[in-house]
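Shown below is the structure under consideration.
Order of writing sets the chain letters: A, B, C and D. Residues in each chain are counted from 1.
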Amino acid sequence: MNTIVALIPVFPLLGFLISGVGYRHVPKKVTTFLAPGMILISFIFSFIVFLTFATSHFRYLATSLPHHLFSWIRIGPLDIPFSFLIDPLSCLMLLIVTGVGFVIHVYSVGYMKDDPGFNRFFSYMNLFVFSMLLLVMGANYPIMFIGWEGVGLCSYLLIGFWFKNHDYNNAAKKAFIMNRIGDLGFLMGMFLIFTTFHSLNYQDVFAQAKGMAFGNPNLVAITLLLFVGAAGKSAQIPLYTWLPDAMAGPTPVSALIHAATMVTAGVYMVARSNILYVLSPATMAIMGMTGLATALLAASIAIFQNDIKKILAYSTISQLGYMFVGLSVGAFTGAVFHLTTHAFFKALLFLGAGSVIHAMGGEQDIRKMGGLKHAMPKTYWTFLIATIAIAGIPPFSGFFSKDEILGKAFEFSSLVWLLAVIGSLMTAFYMFRVLFLTFFREFRGTDMQKHHLHESPAVMTIPLIILAVLAAVGGFINIPAIFGGNAGLSQFLAPVFADARAVMEHEAPLAPGTEWLLMGITLAGVLAMSAWAYHRYIIKQLGLLPDDAPRSFAVRLVSHKYYIDELYEAVIIKPTMWLSKMLHEVVELRFIDRIVDGVGNMVVWTGNTVRYIQTGNVGFYMFIMILGIILILFFNILI
Amino acid sequence: MTTIISLIILGILVLFLGILKKQSWLLPVILTGLIAAMALTVMDWNSVRSFNNGMLIVDHVSVAFSVVLIFSAFLIFSLAAQYYRGVQRPLDDIYGVMIFALVGAVMMTSYGNLIMLFLGIETLSIALYVLAGSHKEAITSNEATLKYFLLGSFLSGFLLFGIALIYGSTGSFDLHQISLYVASCSGIYPTMFLAGLFLLIIGLAFKIAIVPFHFWAPDVYEGTPTLLTAFMATVVKTASIVAMFRFFTLTFNGIHGVWETTIWILAAVTILLGNLTGVYQPNLKRMLAYSSISHSGYMMLAVVAFSPMSNNALLFYTLSYSIATIMAFGILILVREAHGNDFFTSMNGMAKTNPLEAFCLTVAMLSLAGIPPLAGFMAKYYLFTTALEKGLVWLVIIAIAGSAISVAYYFRPIIAMYLREPNGIPLKVEMPYKIHLVFMTLLVILIGLVPVFLVGIL
Amino acid sequence: MLTQILILLPLALSLITLLLKKERTIRYFVLAGTLVEFGIAVAAFIQYKTMCHCQLQVTAGWISSLGISLKFGMDGIGLLLVLLTTFLLPIIVLSSFSHSYNRPAAFYSLVLFMEMALVGVFTAFDGMMFYIFWEMALLPAYFISAVWGGKDRIRITFKFFIYTFTGSLFMLVALIYLYFRTPLPHAFDFQSLYAVTLTPAEQSWIFLAFFVAFAIKIPIFPFHTWQPDTYAQTPASGTMLLAGIMLKMGLFGMIRWMIPICPHAVQQWGPAAMTLAVTGVVYGSLIAIMQKDMKRLVAYSSIAHVGLIAAGVFALTIHAMQGAVIQMISHGINIVGLFIVIDLIEKRTKTRNIADLGGIALKAPRLAVFFMIMLLGSIALPLTNGFIGEFLLLLGIFERYMAFSAIAGLTIILSAVYMLRMYQRTMLGTTNEITEQVTDLTWTEMAPLIPLVIMVFWIGLFPGLFLDTTLPDVLTIMSYIR
Amino acid sequence: MMILSTIPIDYYLVFCSILFCIGVIGVLIKRNALLILMSVELMINSINLLLAAFSAYMNDPAGQIFVFFIMVVAAAEVAIGLAIVVLIYRTTHSIDIDVLNKLKW
């Protein structure tokens, strides 16, 4: 068992090393099979682990013992072993990361086949999977941090994959630096954890935390700092602006990193340290508000975007906001559940978008698409499924996961529920907007594109289909009791969140009646929204306004993403640059260095001045000497 | 005593050789004679006794410093061959006078009576007046000698007056008698006596070139023929500082407090002014003059500290200082010979044309600046230790600041030699001279690395 | 035994080198010599490890009447730094092969002389020996940068010399003063210096004297202004010696001499010194962002990094101290790597001006990879050596001064900002006429980089070996605090 | 001797000091090398007188012997001095000390 667990991350690493070190010499064909193959193997291993695990008697045992590989940093009390923790949560994440990762690798083989940087791309992708695995498997915060920063690096490398273009490079740099801001929070959180618990291993920390008072300030501080990290990684307000720009990377990257896995790391981390969070209500509140705000903000922006990938990016942000809302109301299972389903349908959406872009020869503006349904049916159907899933229409996966969160939200407060519902309505609207504008109506592209239109090759469509299936049926892993399901996932994850649930005060679960009612309302709204979208874009044929078309102020505000980027530019970046210049040119050169040189110059100047005492005139010398003699005698004798 | 006699004989011998027109014999004879004199001096090491009922007292201090003096003279004489290469006129007189000056210097290290002190000083000075003017044709040389003569005789008047007053109050010239008198009048001293004491100090301070009695030094050094400048900068300074210190140790032991403050201030001012003024000098010779002034300031630290260690520290310091200074003057002679002047610009790129000489000068400069592991550093360190032992923290800090400043000018020749483009005129150096330079360089390095032989012998 | 060899071998080599004529022979002779030296250091390391911290001490009287003794030895910290020195020297020599310096004999013999002085500093158990070697290290540094340096070298290097020299003079006074406070018979060796008991006032003075000397050498803000200019003017190898090894002397001096001698003053002045150090971290990082010259950029980044190390030293916690030691090693490795890369770029494009470059990664992917790895090391990405150091440092500082740790933590962000900026502007983007004909690295050019890369990941993955070596000594040092 | 000892020693002291000061002032105000030389002689002779007086009052011959030494030395000094003055006159047809300031700064 231990070796198997240890081997899971090794294969992607191997893949990275082979295709990375020998990026010139390894032939394309080898990589074609190597890179996805490695992921597949670690997927199989993860699955084995999962199976040995799902056999319930083994479960509780396994959660309690991390797999210790070697001791990494050890100084007296500070002992950070390099060890992996396998429990239901990390198991689930393993499956998602390796599973979805594999599918996307396969897709990428088709997508990137003509790219000169083929090997480089796959080495990065493997490295990413490796880091992601460390992140989810780590048995203590530092190991998680390794993965945490590792995925950041990979996203930097992959966003800037086509590094000839400086816009892409800037996007990459932006992503890395914003993540780093979060990471600083994470780091400080770790330090505070260490000073509070004198350990960084999950088990010790959580075991001690269990005993601590509700709302203990240290815990609040810790959780807040960690949440800063989560916000950076999972693109929450105020650190979300990097994610839309991150779409500069190749589409599979957006699918894997910026939708399915990396961005959910924050959610994973909070779920992982659930006990700390449930004990610090202040953080929960802040997290909830942030999540909600992000969800609404991003959704509203998404409505007015025209770049297909940007829309999906904003929808990702808003979905992540959902997950944080879920976490904040204590629906840990719900959040993780939504994370899972989201991984499926969002990956699918991106891959679909990718195949569309592929077909359109790089075109990303949905206003220039249309009518692709006939040209590329497979893509269309899969995309449709994904859209329904994300919109939250039963029985597709999105419905169940969203519903769980909403339900918990309602338990928490009806206002939260209301806002969340509004968010999901917007989601439904803009997703259908994309669908209609892209696949319905007449083709609006150039003739050249029209000829070039084609369904993507099998290597790309098969992944689509796989994901489509998952997106469709993914919800069934956790059918709530009300549908007569056994809530498998909740039970599976129960041990992880046991402590948290123990802490949380138990108000009575919703009466079935209310639950049906809520579901009904949401569903009705969603359907209404999609209907309105249909009416607007199919029947009235709207939504093709060029950018320079006159718009109302509110619309302009939203379609410019509330000018947040411009704000940051003005408030943070410009001042920093100015400060840097000012410090160098004024403080450094004009002040500090002047003082240093000044001392030297003063010495030289004095030297140059006093040397003129040496007039060369004997009479003067004698005079001075007599003066000296008189002074000496005067001071020594008369006084 | 034997030292003085042997040196006098040597001097007379030199003059005779001059009469016999044996110019070529001069230097060999002198060098061997000096070595002999050194040997004789060293033999006196274990015979501490006084001659002519206390006129001369030969003790370890006097022997050690006499050796230092003769050794410096030896080093200087071995530069003479190169220096007077082109000169046709007979040199016996100059050499002879130099040796007699050396006799005066030795007397100053071993006097036991103020009369002997006076005679020693005058022998030295009068000889130097002659030597300073020995380059008759050069107006600078004449000016130098006149300045030196006027100021010298003027200040020796004060010295004499001081001696007279001391005699008047104590009734004797004998240092021992005087010290008895000092001991007798416990703490309260008559004005006349104090006046005498300070006038005496002033007279000696002039010879050591302590601010404000240093004015003669730069001008005279610059005007005097280089070889003899080296003589002034080393032998004269050593002799005078020793004379002063001997005076204090043998006589005014009890009343350290009376003159301490004065010397403290003089030392501080000397260090600062000497170094500061040195910074801006355009040519090496004048720069060395100021460096010598600042070094006399450092030497005063030992006097101020006035501890059992002082003698030894002084010995170490004077020796390392003399060697390094003579080296510098040795290169200076070459530069003057090649370029006719000694501006730093005429040393440009010497490292390329004459790497050896450049290296020697660098070592000399670094040693004077007091950078480990050279002799200069150990000397300074020894001196500072002596001073700090007596808790003279601030004086030492001033000295430290001084040596920090001094780096500024000691590095100018180094920068010129290594970092500037050569001006294409290589120095013409004969092999023996080269060997001599290397010998001195090694000496400087060795004294720095194995100072054991010189530490703790006094 | 090994200790003497470690000190004397480079000296002997440097003297022999002077006699050699052909540049080729000199190069290979020096390379071989430094490798042998490294081998001996490794042997010493093994001996140390196996013979349970025997400190490999050797003593010989020198000037007994002045209490100076030739006392050398290696505790864990010194040993690691000696290892660093002897490890970096061959690499620096190797990297210098791509240049041809005029008068190579002088150049390489100075380099070797410097190695001798550095090893002496790190192994000195006698205060005066420490000072003497400290100054001896300065001379070759000065001459290397002054003689083989850039246009403006005369003024800059002179400033560098006089600045650092003046600083260390204060240390001399402090040492002599301490000497007289040591129990009789007075001595300079570290036990007796540690044993000195001083009044608070005295301690403060001693501390200040030491601090000035070390702060100028390290350099800590605001004593750093000599550094960027000097780095910019110095030839590549000189810069590596200065940045990679020489500035560790100051940090080493703080840990080895300052803290145990005046512990109370260190605690009393700690916050003040900490403030300076942390200011330096932010200040250096900020200035680095807008630098135009790659060498200057790295110079300012180095100010930030060593500022963090110094802050760690003043935090006076075990983790911070350990972090400081490990980070000294890592910083040495990373910055030398960066300077090698910069040197290779300059060699190809004849410029260090970031604005003139771009798209090199297209032409020289290997170079880009090495650059990226060194960069990641210096921005402290986990699993690289930089992370271990900065993690421990920040953690240790956090344990004592949370706010300082948070502020110093900004380096995590800012370092990413300036390093990635440099990388993007030079390596990425499209080529221009300058970078058009850039060629990729040859094996001889990669030779010095490969061991560095290995070390980057070795320390990053298995720091245990190094941490365990220094832990006991760090604990002893810390024991003087309370 | 009788007459000598009737005069108190202080008179000699004061008188010689005054003489000495006159010499000093002479040195200070005169610009002619010869005159300066003579003033120096005046200083020295005042000292001689002082020494003689002291030795007379203390019945100690040393003082008077020293006087002879001083005379000898002074003579030698004057000889040198005059030689130098002549030298100077030969090169710069003047013996004004202000003319000689080539060496300065």
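In the analysis below, a residue touches a chain if its C-beta (ideal position, glycine included) is under 8 Å from a C-beta of that chain, and two chains touch if they have at least 3 such contacts.
These numbers come from a predicted model, not from an experiment.
Note: the chain lying farthest from chain A is D, by mean C-alpha position. Should one ask which of A-B and B-D has more C-beta pairs in contact, the pair is B-D. If each chain is reduced to the centroid of its CA atoms, chain A and chain B end up 79 Å from each other. As a whole-number value, the distance joining the C-alpha centres of chain B and chain D reads 27 Å.
Per-chain Cα centroids separate chain C from chain D by 67 Å.
Averaged C-alpha coordinates give centres for chain A and chain C that are 38 Å from one another.
Among all residues of chain B, those that touch two or more other chains are 146-147, 150, 154, 218-219, 408.
The set of chain C residues that touch two or more partner chains comprises 162.
For chain A, residues that reach two or more other chains under the stated contact definition are 600, 611, 614, 616, 618, 622. Contacting chain pairs (ordered by label): A-B, A-C, A-D, B-C, B-D. By the touch criterion given at the top, residues 146-147, 150-151, 154-155, 158, 191, 194-195, 198-199, 201-202, 206, 212-213, 215-216, 218-219, 258-259, 262, 273, 276-281, 405, 408 of chain B touch chain A in their complex. By the touch criterion stated above, chain A contacts chain B in their complex at residues 600, 603-604, 606-608, 610-611, 613-614, 616, 618, 621-622, 624-625, 627-629, 632-633, 635-637. The part of chain B that touches chain D in the complex is made up of residues 115, 118-119, 122, 126, 129-130, 133, 136, 139-140, 142-147, 149-150, 153-154, 157, 160-161, 163-165, 167-168, 171-173, 192, 218-220, 222-223.
Those residues of chain A lying in contact with chain D across their complex are 611-612, 614-619, 622-623, 626.
By the touch criterion given at the top, residues 366, 371-373, 377, 381-382, 384-385, 388-389, 393, 396-397, 400, 403-404, 407-408, 411, 415, 418-419, 451-452, 455-456 of chain B touch chain C in their complex.
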